[in-house]
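Shared between the two complexes below is subunit A, which pairs with subunit B and subunit C, respectively.
And then the complex of A and B:
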């Protein structure tokens, strides 16, 4: 490693017109080195990286210095700066699907910079594009070049993004939360690809993430950022011993696989509040070559949820876990199978408003994104009182006020926030409001659809602890849908592992997490970043993370067309 | 396979809509008050023989569904009926009028697309000041008829040029305006070629004002949405030249939306042209319709209305189809591998 850093941020500050967002971001990435930049959302890590890439809005101003290959970006002419960024820096973003133009083919995207920036000939660019796709382990690259982004899985698209940045042979890769939107197994694959590339190319990397465990596994050093300042920089390997700042210790403790599953006092002969048996669901989807094909979303799924218990449904996207939840909540209709809730048959969706309200009193749902699931015009008080009124239309005003106070106490929200709107709340506070709203009906079952996936790690722990407390106090049963096994360990006493519409494994959390029987469960467990974890390519040549559509039947084409 | 399905579906709906429209048009006019007899007899107090003769000639005694069927089947073989008033073939009456309207709409469309899309692009890309100005102008364009805008502009100019006696400026501007109006003929459709184009300029601009403002706003907002989209960030990071980013990543992605809305707008122009035709004394299909309706010339009204409905429905379907072709979703589902 040479001594001259490839990228150096020296007391970088970033301000919008009336507010400074980043106060002091200082870090250096040496040649061939990978540095992690870790912090909660809003800590300024993404802004700092966007400043390096030249993606800040026009009215933002920066202070301090950004040096690329030892040269201060601010001192360069705009043309030179643009060229430096285009050729020396490669940036990969969080959501590959949004960051690719949906109207251009993968080939157009791959060759665009080669043709229009480097001035290569079309045929040479095409050849190079195919080589690059091959380098990041995408099988059948020539065919991929003709496809559109919509035809590829998220994991593949992220590899396409990485391959495209390599086209200019950059010195450094800026990776902004590149695996946050991916399943845990796909995340491992993408990280393995990046690991290989760094080895072969002496590529430096600035890796932005909120996941400290992941950062320490794939980088050499980690810079921790809080409230717009880098508070300390640690060596990944000896992070635990080096950490001095309290905030870093909190982040480390928040890594969920640390948490011991709490001893659960379980009532062995508890009655089941929800029983699902033989649930099947198929969808008609447009086929590859015209006509229609049948997608089997659920295939004979059975599980039970005890009164006051907690059941986790784990699986990758496309495994059928969300479809199960939708059917239980009556948002979809199952093709076959029965659903029994507190002894009533719920196999078919409710008919009529009264029946729907009756069911809503028993099962409530909390959604993934608290930024979208709350009405931004409603104050918390309005939001909760609306939810209470649905089920108790004749309650007095005082009773409703009392209930609101009780709910806010249950989710440990400061009562003074009652008249705030979602805009002034943090992600964790919003999700508490969403949970309080669900509890307003005093339900038997709370369905949590990836309810903590969009929240920072530290807040995640708080919310999960809160849910556990609520379960103990109110006796509500929890049905937790997640792709994250570490969440399960914190909260659930039973687990269903799903894959491609089938139940792969079903048992108590201890059995499944400590002694998994199914290969797939083991794969999921091994993919979780932790100390000493190194990403591996587990299935060379695999085209998508896990085939999301397994059972495809060709259906006869409709006649007369 | 998907395309054939799409086209067949659209065609089926189109035919059904037109059939329904023909029924509504035919029956609604027969239900309106007033007797076609007075129009047919040419104003004179008709004697009984003449009435009987006319009723026989125009099959007025047949049941209505027979007459509807005769009318509709006649249209399919090119017989559009005879005008009550002019006693000539309806087709011969409508065809030249249609040409005028068609030319008017064509010129209007050109104005709308060039100025509307152009000003939308300016508003989206040339900074806040240009954007605000365009926003104000388009709001005016949407709210006010063209001639009011002209007078308003004069007043604003007079006010802001305060160091000059206001009324002098106003008179000057009015003089220039009247003069420039003089360059363009205000009345009639003129002869052929250049003369016709000359005559159509003012009507086309006054027809375009509102639609132009609308398309400008649509263009601006769909461009702004694309400009802030994440794939444009990707292109910027990769150092793609500005021009190419705008052409390939911004404008092309916004085009389906602009096109879809323009299509619907243009389809509506044929009907909206009627007002302008009457105002500027253009012998178009719209003014023909108002004249014929006033004189209870049923065959002309029916055929003209049906023609307008057909144009609207067909253009709408075409716009739908074109935007389906360039829409990203149908691109991927059409070529899924």
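And then the complex of A and C:
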């Protein structure tokens, strides 16, 4: 092959029946090159890639040209186009679990294309499938072929998906947010696998992500997309110097080495407003081989939160960080341990409405998913006035209206939106509503459970800044639960690092981010994409997620029920 | 129409949209409205007294005097259909309302309290499920005598499990959503969460279920009347008219059974189509 690009998008536009969603997407991927396509949700990056793979809904129309190996897709016959897509393009999606039939084994899935499209014999296909799994670094591939998707972790499944696309020897891999749903350490493993594959196979790649730092670390060039247009294309290595467009700079600002906002001047020996000690929680879950197993969600967790301070709880999925938040907010009951809030014992969930209202005045929570944590039938005004009336049922209508306006101002939400329903708000706006609702009670502690992880990067920065401002103005203490260490850097004084229900490390943010003592903290920090970062396979043997199910004892299956 | 209004109170817009997209839905709405009108004002627009003998010839064919013919006693079929419409259309509505209210209450109670409460309610519902509605209705008639009240109560009870199962699943799903947890953390009282948030969320599901239930209730009632256990002569409803029309078929006059059958089929079809539409529309709204 000459310098001809493997994939070329030439002024691609994509339109729904009444709206154009992608206006002008122009990019080229040369043989063996990796190009990143970066942008926020709704910028059209996924649509563009789906157009390449032929996965657009029927009523969508495209303009411009898509050229694969120098040939315009639109000029090919439908059979040829299908053939080309089957053999030259491999596509990997964000959620591997949703793309695998849970009733088929990994082996069935892997060999399906080989048997039915390539016409191989089953034994040969099985052999090839095992080789491919081996190539993506899955240990014991023959055994994996007999397992079901439910038995594999997210990182492993994503590697299975990659291996399956390799079965047809594609020229180019279309990777659509393939690591977004994965923990940061697993993300590194998957990216390392992809790096090796590209080296060995001369595979081209179009890598879609919202994470500019990740894209620049694993690709040669990065195209930035905004509102359906590619606004600029940069060389990954020199991205920081080259960036001209303001939007790219905003995207870049969400990196870990971003300076911390000025130190909040406050009383060093402030009293603790929340103290948790020896918190434990186990769940009974159906075991893999029948019977019941005990899942240890929390195992002797202790930490303290100062008045007006901010504490971050960091950990991968399954580390027990959300369980701690739920117990503090009274949504779950702890098996053991004590919780003290402003001197009161909160170890057991509140009994009765009055006690719950009393606690609600002290601790409020903002949830991860702003799309689901608001009642979709309520307008913003109804939502906020409900939250206000809980604590002040006899306030006059004017007082409530005033308070709503004040809250909306506090979270910098346009007052015009007060009579809208959540449906017509963006993710960032919804999360502002959720924060305003939590502030309505004037709480002393605000628990934020992954409050920014479902939001776009630029909006994330805004929300974090807003939270910092609110903390300064109202003196509310923040308990941030997150998997993202960059969030900690921006907002927290102290950090708890959790793993498998235990506290791995507990200290000030500077200590933990700059001089971590625990190996696990170091691993977490090293896995974060940043300038000059290259994904490495750290532990050749570590392919499953960190084990969270501990087999303590078996309980006999209950009879009758 | 009533079902759609229940669902959201925005029916005029929905009708307009549907008319643009889906003529079948519109036809169903028109058909059901006509049936409901008939049920309301039927006795006043009937050309003859429904029990008047020899308003025309015996087993008469449709003529200008008797638009849908006459039965074996010469009674006017159209008048009997019009006068029977009230019972035939409103009895199923009573059944649906009763079973929906009781079933939803059980469902919300089960979903809200969980644990033993849910287990107990589930077992009770299982027991009712085990008895077919028609058998229960026949049993009720045997115990409390012929006439409409017994089968109406029996069918209401028989329909409870279906409503309760479906509603409980929806309620449990809704209660698992983060916004309910958010409300609890805010300190909103349980009653407020239940009536202001949970129950409105269930309305689309329940409304769709009601429309489907109406069709079944109407068919079951017609069957009971057909067996001679429901509406008693000389009063008529559509089911008993089909039953009485049997003899007409042998006498070469199938119209007297055919016309009430058509009314039953059209009403059930119309309500089912409306129900399917409400379901699809509720699913769309959930997204």
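Assorted remarks:
In this section, the second predicted complex is superposed on the first by the 542 of 561 C-alpha atoms of A that agree within 3 Å, B and C clash if a C-alpha of one lies under 4 Å from a C-alpha of the other, contacts with A are read in each partner's own complex, and residues count from 1 in each chain.
Just so we're on the same page, a residue touches a chain if its C-beta (ideal position, glycine included) is under 8 Å from a C-beta of that chain, and two chains touch if they have at least 3 such contacts.
Everything numeric in this text was worked out from a predicted model, so none of it was measured.
Using the contact criterion defined above for the overlaid structures, shared-chain residue A:282 touches neither subunit B nor subunit C, since it reaches no partner. Once the two complexes are laid over each other on the shared chain, residue contacts for A:179 go to neither subunit B nor subunit C.
Shared-chain residue A:374: touches subunit C; no touch with subunit B. In the superposed model, A:113 lies in contact with subunit B only, and not with subunit C.
Set side by side, subunit B and subunit C differ in how many residues of subunit A they touch, and the one touching more is B.
Legend: residue contacts after superposition of the two complexes on their common chain; A:101 is shown touching subunit B, with no touch to subunit C. Within the superposed three-chain model, A:48 lies out of touch with both subunit B and subunit C [touch as defined at top].
When the shared chain is aligned, no partner comes close enough to touch A:13: not subunit B, not subunit C.
The contact surfaces that subunit B and subunit C form on subunit A in the two complexes overlap at residues 561. Those residues of subunit A that touch subunit C in the shared complex are 329-331, 353, 356-361, 363-365, 367-369, 372-377, 386-387, 390-391, 434, 437-438, 440-441, 561. Contacts from subunit C toward subunit A in the complex involve residues 119, 177-179, 181-190, 192, 196-197, 200-201.
Of all residues in subunit A, those touching subunit B in their complex are 53-55, 82-83, 85-87, 89-91, 93, 95, 98-104, 112-113, 116-117, 143, 146-148, 150-151, 161, 164-165, 168, 286, 288, 290-291, 557, 561. Here subunit B touches subunit A in the complex through residues 1-2, 4-5, 8, 229-231, 233-241, 244, 248-249, 252-253, 326, 328-329, 331-333, 335-337, going by the rule given at the top.
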